[in-house]
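The two complexes that follow have chain A in common; it is paired with chain B in the first and with chain C in the second.
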Partner chain A sequence: MSFEEVDKDTYVVLAPEGKFNMVAAPTLKTRIDDLVAAGKARLVVDLHKVDFIDSSGLGALVAGTKVARKQGGDLRVAAAGDQVRAVLKLTNLDRILAPYATVEEALHDW
Partner chain B sequence: MPPNTGQQEANAIAKSVPAERYDRFVRLAQALFGAPMAALNLIGNDKQFTVSSVGFPKGEIPVEDSVCHVTVLEDQILEVRDLREDNRFAAIPAVVDAPRLRFYAGVPVRGQSGQNIGALCILDLAPRTLGPQQRQLLGDLGALLEYELTVQKEMDLVGQVQQLMLPASAPDIDGIEIAGRLHPAKEAGGDYFDWMVVDDPANGGKRLQVVLGDVMGKGLSASLFASEARAVMRGHAPFTDIGEAVARTFATTGRDFEANDRFSTLWVGRMDPITGTLDYVDAGHGLAIIVSKDRYRRLDQDYLPIGPLEDTWSMASDFLAEDELLIIMSDGLFDVVDDSFGELEARLRLVYDLKMSCRRIVDTLVTFAISQGATDDVTVLAIRRIAELDATTQGSAAGTT
Partner chain C sequence: MTGDGELGGKEYVLEGFAVPDQLDAVHSLLAQAAGDNPELDPMDVMLFETAVIEIANNVVEHGRPVGEVRWRFTVRVHEDEIEALLDDTGQQFQPRRGEDMPGEDAEGGRGLPIAEALLDQIDFRRMDDTNHWHMVRRLGQSPQI
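Right after this comes the complex of A and B.
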């Protein structure tokens, strides 16, 4: 899976596309690990182009959140579609990955 | 002479493994060599089993009438330009009579035991020879097929091990009818369920504990986490309440989940069959439901799944009435009703029948999910309380597929 990446210096926006599943998840997670290791621990995952997420995709987001928080940052998700919101809610992962309506909202205190 | 390990394995595979798995290798061999016939022959102690073939009949022949039974004696390709010119084969039926085979080239294939169990062979009705590159190619095909055989066998074994980790009999407690079924999407998977009888640490007396977990991902790797989570929960459960048991399961397994970017949803319930009091913890699972004639309620909480992040898991309490049915499922079933609780409720209404056994309810729901093309592991547990009078006649074991 390809994903867009925009580095705004104080934060980085990652925008995966299509199916965010067991094929795509490790690529994004590896990139998150690299960014956090390089000191970029404020991350927004823009999900507006993701039409489907499975548990592997969720796993990458949860693990990415943990990694970012350890370095004093955070991972926030924005612009999630209905399916993504539904699985976040069912698994209660919306408690740590509160879905923001837009990337701008996700940035509110950064 | 008793069959050796390779022959035993050949016998077993010939009887149990669907031939479609090997058909593509045989088709490839036939096409690559432009031969009219190709086959995978497994060599048992007294029979040769042609389990996959092109242009050649499948089935069994006496082992002494086969060429491949000689091929498996050596660890190299056997090539015979004209079978009529080889004393070992000149008189066998397939050479003397139809189809009057002339050319044979076969590569031995090892089984999981490391012994040769059969051969992938190409056959022709006219004498011919293979060039060095063709011999190399046949060897490569044999190696690929061998890998397929052993990997597939390993996967099948993992699936068997996982099924054997499910409860094998009804829990030893009165007043409960229970059934569960797990249908993995692949040979093995990340779903698991368990039940056991524990002593209530607070009030004494017997409680039925049920667990349903869903490790993210599918297949072999997910099954490793499923067995870890199951074992750790089993280890903690007898000594504490279920909230604490879940917290300790996190404490023990969290590192492993974190190291692998994984998590597991988990629903744990503990019920007193006499009073119907039902304590439960919902760790991000969300798919436990009590159904009755006119009511439908979810037993869910806000806790996170077991994984990289800590939470404060503790139990809630509900009550299962005697005319109610507790259904716990994995999202493999939820997915086929479009992740809609409305649709799910409608589906559960169809199985809410006091005369239908839990076994039947579970089978009906799992079969429904499979028929709808479920792509994930599907697990369903059904539990209800039964009157003491019926308790002696209504034990129900877990069945699995």
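Right after this comes the complex of A and C.
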């Protein structure tokens, strides 16, 4: 899986593409860990190019949220498609990963 | 491979190794089934795919010996349900059925609970040195999200 990364100084937007699954999740998780370790703890994961997420992808988002919050930041998800929204709701993860409609909305107080 | 399966349903089959790269082939098999059967509700297909992939992940992740486990997927589209059979040559094991969905902080353990929530029937048995999963989602009915 490839993903775009845009560093806006006060936040970073990560935009994975395709299937956010057990193959792709470790790569994104490692990148999130590196960003947070470098002091970039405000992260938006733009999911508009993700057409499928599995439990490994969810696990990477949860882990990323925990590490970002531990450093005083947060991880927010934006532009999730139907499948991602359905799985977030099914797993109750929409409580900690409330999906924002757009990246701009996710940035509202940053 | 496609054809008419038992009970008149259309059948789609995939055989190969249970390795990460083959997960795309499972997605493609389900996409083929959906494309050939436009009467299927996209929501049913999407949720069925979500469940089936979790079981496939489980085989890829935990099946031993790594890289040597073979699997055979069969997807059947019936008038009132969609069905998948997954047979794999991995080691004997006992899936932990009926577990609650893990809490929000958990980084793992959601695969089987997701599959169980999205399927109307999910059965596992070990027979002839092979693990057999049987997964069914009834069409146009609960459980919905």
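Please note the rule applied: the second predicted complex is superposed on the first by the 110 of 110 C-alpha atoms of A that agree within 3 Å, B and C clash if a C-alpha of one lies under 4 Å from a C-alpha of the other, contacts with A are read in each partner's own complex, and residues count from 1 in each chain.
In this text, a contact is a pair of C-beta atoms (placed from the backbone, for glycine too) under 8 Å apart; a residue touches a chain by one contact, two chains touch by 3 or more.
For clarity, every value in this text was computed on a predicted model and none was experimentally measured.
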- Query: Of the partners chain B and chain C, which touch A:Phe52 in the superposed model: first, second, both, neither?
  - Reply: second
- Look at A:Ala25 in the shared chain and tell me whether it touches chain B only, chain C only, both, or neither; answer first, second, both or neither. first
- Query: Which partner does A:Thr10 reach: the first (chain B), the second (chain C), both, or neither?
  - Reply: neither
- Residues on chain A in contact with chain B in one complex and with chain C in the other? 22, 54-56, 58-59, 62-63, 66, 83, 86-87, 90-93, 95-96
- chain A partner, complex, touching residues on chain C are 20-21, 23-24, 27, 43, 46-47, 49-50, 53-54, 57, 60-61, 101, 104-108, 110-111, 113-114, 117-118, 145
- Enumerate the contact residues on chain A facing chain C in the complex. 19, 21-23, 52, 54-56, 58-59, 62-63, 66, 82-83, 86-87, 89-93, 95-96
- In their shared complex, chain B is touched by residues of chain A numbered 22, 25-26, 29, 54-56, 58-60, 62-63, 65-66, 83, 86-87, 90-93, 95-96
- Query: Any idea which chain B residues touch chain A in the complex?
  - Reply: 214, 216-218, 258, 261-263, 265, 284-287, 301-305, 307-309, 331, 334, 339
